[in-house]
Amino acid sequence: MTFAQAINEALAEELRRDATVFIVGEDVAEAGTPFKVLSGLVEEFGPQRVLDSPISEAGITGLGVGAAMTGMRPVVDIMFGDFLTLVMDQLANQAAKTHYMSGGRLKVPLTVRTTMGATRRSAAQHSQSLHAWVAHVPGLKVVLPSTPADAKGLLKTAIRDDNPVVFIEDKMDYAVKGEVPDGEYTVPLGVADVKRAGEDVTIVATSSMVRVALAAAEQLEADGISAEVVDPRTLVPLDRDTLVRSAQKTGRAIVVDEGHRGYGASAELAAVIAEDAFWSLDAPVRRLAALDVPIPFSPPLEDETVPTPDLVAQTARELVRG
Amino acid sequence: MTTTAPGTPIAAELALEMYGRMTLIRLFEEQVNELYRSAKMPGLAHLYIGEEAVAVGVCSALRRDDWITSTHRGHGHCLAKGAEPGRMFAELLGKEAGYCRGKGGSMHIADHENGNLGANAIVGGSAGIATGAALSASRRGTDQVAVCFFGEGALGQGVVYEVMNLASLWALPVIYICENNLYNEYTHYLETTAGEILARPRAFGIEARAVDGQDVRAVYATTAELVERARAGEGPAFLVANTYRYHGHHVGDIDRSYYRSEEEEQLWREERDPLIVLGSWLEDQNHVSAGDLMRVGQEARTEIERGLAFALDAPFPDPSEVTEDVYA
Amino acid sequence: MTTTAPGTPIAAELALEMYGRMTLIRLFEEQVNELYRSAKMPGLAHLYIGEEAVAVGVCSALRRDDWITSTHRGHGHCLAKGAEPGRMFAELLGKEAGYCRGKGGSMHIADHENGNLGANAIVGGSAGIATGAALSASRRGTDQVAVCFFGEGALGQGVVYEVMNLASLWALPVIYICENNLYNEYTHYLETTAGEILARPRAFGIEARAVDGQDVRAVYATTAELVERARAGEGPAFLVANTYRYHGHHVGDIDRSYYRSEEEEQLWREERDPLIVLGSWLEDQNHVSAGDLMRVGQEARTEIERGLAFALDAPFPDPSEVTEDVYA
Amino acid sequence: MTFAQAINEALAEELRRDATVFIVGEDVAEAGTPFKVLSGLVEEFGPQRVLDSPISEAGITGLGVGAAMTGMRPVVDIMFGDFLTLVMDQLANQAAKTHYMSGGRLKVPLTVRTTMGATRRSAAQHSQSLHAWVAHVPGLKVVLPSTPADAKGLLKTAIRDDNPVVFIEDKMDYAVKGEVPDGEYTVPLGVADVKRAGEDVTIVATSSMVRVALAAAEQLEADGISAEVVDPRTLVPLDRDTLVRSAQKTGRAIVVDEGHRGYGASAELAAVIAEDAFWSLDAPVRRLAALDVPIPFSPPLEDETVPTPDLVAQTARELVRG
């Protein structure tokens, strides 16, 4: 099934099993969101559990925090990740800190679903990947699924988690198809997944960059280079061990992330490897990320901004051949 | 573009000029839809068709050096403030010759020579900018005004209330134009908007009016009054223009049956079309003949065709430009 | 705590109970000021002295299982909702025995057993939380209500309007209590607040009232009405309580001459003090004798002394606790 | 003079030399801000140029963006850095992108002054250091002064810069005294400063952590370890060369920053050194930053959260002695 269908199934299953789960967001009901990811949910669960909201990202996120503190499990839909700019106070100052500030007495089982990713010709305010911001806030968990199966299992876990979780879907993944296990299952937060095993170079990739990395690995195989592709799946909690062990094994690592390069998630992932795999590294860890420019509209320019399979493969060749 | 005193009947030339601008917008947008359907335009666009009288009525009451801020549905504002179709098409196609060298696209066209500080893809995102431009005008002692266009959906954004409060406190020359086309994307505004729209600005002590957004003469006359007040230092104003978008929320929004009816669309197209409303008035008053209107329409058509040809031929920016203009 | 029907005269016992709570708050805050001046308390605190009738009048109209959200000036709300002075002092001193194990401090005390979802150091920061708690009550089919306390300065925060719109659209059982003590920190609210305060909630279709925040019986009676409406599913309400803080914005704000006059402070202390207002009413009505009031005052004093002693003796948390409670 | 006086002088001088400069913020006029940093300015320049605003961080920042686009040079005062949560849309989606989205035709010469820093017993919502968020946004410049002299010279440069600049002052620095040159001078953005020369270990420190690093360097000298303390002064633009050259010289580097460790500025600075100084490093780059917990109120807990001279010195000893 598609990535979008997997998200839809996860939501439907959790809405069925737990009466305290509800969805609130802009055009989430009849419209099923502009991405059609929620199609059919309001028909099954009704407008009391799938709420169309005004265009008030801060308001609905704050509402979600309060509902979560008082017995509900809200899933707040923030249409574009670019609008995280509007909810950072509710996320960072309220949701993330409530449990700690209350000495562990209050909790906020809130899930905020939003999107990331460029190359849709949507220009600078609808193409950002801002996961580094939320990953920098203690108290939040941050999930970046890369396959339909992971998306479904991770979302179910996120909704059941007693902490605020920011769940970020790449818009370019929605149409991607993949195997999804039948029946009930969940995927734990904090466990990386080796998407492809290899010996010569480690490629740590997040979200849709996992597909880019796997395509690069194909190219590299043709050149006789064996690449291991590791998907952290969650930035917080982060499975340091799996990343570090892979880098120790191969001695070379590339981090591929669609956020901007400067002060981005790729810096943390690279720093983790450089710290803990230092003595095994044969070369510096390389970072591939979005250019440090606002995402331009013009196709020939936008295509320059995001890492491609060719770029990843080329970087790997340089690393391996030295 | 000059303003008239409150109530002054609108001169036929001005009315005809506005008819021409509205026609230009109508044809521009129909062409944009074509570009999308023929897969010649990257991405999406939000068409202004049906709402032409709002942008044209408002901008006709402004001077070239007055400012506007625009929205994701901004082509009409941009043309009404004086932009050329050619450079606009070029921008929509991501060409170097575009107003933003292809970097902005449909949702970010800016044309500062004509006072357009830019479209905005964040709903309510330009409310602060317009209010700040008004502060700038008052601090620099000019008599410029700033006009902030936004859809009724932007009433959901808190920052709009924050800046209306500032504008009222400091008597800033800013006019908030709320284009109420009934829908926030695919949701009717009554499902998202409690209470009375006009009561909101009034709660902040802001002069607020409503106008038929399909009657360009009414939009012009009311705006002219509010602009005069603002220039005279009498402070901000809010105008809700009741209007309708004929097409989808964006060019890809074809099946709309789940959120609104064919009948509703037909009613607006047939009974409330701004071009028909103004056109018949001009004829009834014998200000102009049907021939005049056709001539004006023909001129607009020619301008659009020329502009489109220019844009289609124009080159894309060189990929190396991607790293330019990040910092001034 | 039970509610009365609109207009019902308030029973003497309830009035006396409210007198006791207000006295407890007054003495608690005087003690906090002492702790600051004797450098026994880390950081700062925002005293509620002068505003006691608002928290006590409102919370006396609530049930224990109703929720409140509070502010940086939250000690009064916390005590009025039923918290113990001892664990509150302990929190203010950063002790393990505090309501938040010392992790929250003055600006973050929460007491969820009594329905206090927490103070908040972000102005307007709890508006969404209270509104969400009200949604939770309605979805879970309880008849709980949520009360959101905030100062008039929070009217500058856009999110407050976003959530009032939601509350009105969805008829949520939330009551917004605006404590207008005339100042946003060191700036008079008239310099920061355009138009009419009550017109703001009304613009969103929210029932709005004003009350003398120094008259606890009036605050109680009005709140009781609004709570009844909310429990009956008649939707949200907004109450502005006109009040005054006797001390500085925070304990360190000693020289206030540049933003308000001695005379103004004196006037409120002498003519409008909530304890004097209620005390004299009780005596005039011969509900109680001066002796009764002294007894109540003495009981409060004893409770404060006991609580303070408990907190001063209590141990600090072990440094290793710093990494606990980040995640549930 | 004190750090606070240096800021005040910079603002007064720029208000005097350029009529388009104005200040807007909460309690900035008669009160001179709660930190008293702006005392005396409204008396000299009047309420038309030093504006007391409502408590509307998003509103006044948006206002600043619009005023900056139309010929003014606003200085917006955001009292606590924790309130950056409320202005991220105006900063990241509007101020940062306007120049690029307009193809270089519009510019936003806006300065946003705000604060950072813990250990003031102000608890979780008044103690954050969120500079990593703004540093991750292309189009913004980010300044973290560490001395009165730098603060004055950098602020004057920021106000004259044609780009949006986020200028972040550590609240704990305001009372710190230091030499400030007489007369007119500016300090360029993008030029790091070696606050202390050394041979054995490089300590890259930001904002008030520079003082912590210098105190550590004193301790280390007593142990015969020579530490070089490098202050980037601006995170964006970043003077990579100076950081890298120092690390290449000493072969060992520690990054000290008061933001949270996870996905923070320390990750970028460490990654830069690990990338470009890789072949000269004798040990992994060490990161010292705020614990990944909301800042607690209780003093014994809060004191655990921020790097101290002892911790920095201890870490340096481990690095040098291996």
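Just so it is clear, A, B, C and D label the chains in written order, and each chain counts residues from 1 on its own.
By definition in this document, a contact is a pair of C-beta atoms (placed from the backbone, for glycine too) under 8 Å apart; a residue touches a chain by one contact, two chains touch by 3 or more.
Being a predicted model, the structure only gives us computed values, none of them experimental.
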Under the document's definition of touching, what chains do chain B and chain C have as common neighbours? A, D
Among the chains, which is located farthest from chain C on the basis of C-alpha centroids? B
On a C-alpha centroid basis, what's the spacing between chain A and chain D, in Å? 29
For chain C and chain D, what's the span in angstrom between their mean Cα positions? 37
How many angstrom lie between the centres of chain B and chain D, each centre taken as the mean Cα position? 41
By residue number and range, which residues of chain D touch two or more other chains? 53-54, 56, 58-59, 82-83, 85-86, 89, 93, 100-101, 123-125, 138-139, 291-294, 296
Give me the residues of chain B that touch two or more other chains. 100-104, 108, 120, 122, 125, 155-159, 162, 165, 169, 191-193, 326
Linking chains that touch, what shape results: line, ring, star, complete or other? complete
Along chain C, where are the residues that touch chain A in the complex? 67, 69, 98-104, 108, 110, 112, 117-118, 120, 122, 125-137, 139-140, 146, 158-159, 162-163, 165-166, 169-170, 324-328
Where on chain C does chain B make contact in their complex? 155-162, 164-165, 168-169, 191-196, 199-200, 202-206
For the complex, give me every residue of chain D touching chain A. 82-86, 88-89, 91-93, 96-97, 100-101, 123-125, 128, 130, 132-133, 135-139, 235-236, 238, 259-260, 262-268, 270-271, 274-276, 278, 281, 283-287, 291-294, 296
Along chain B, where are the residues that touch chain A in the complex? 42-44, 94-95, 100-108, 120-125, 153-158, 184-187, 191-193, 258-259, 316-319, 321-323, 326
Taking the complex as given, what residues does chain A use to touch chain C? 20, 22, 48, 51, 53-54, 56, 58-72, 74, 89-90, 93-94, 98-107, 109, 138-139, 141, 162-163
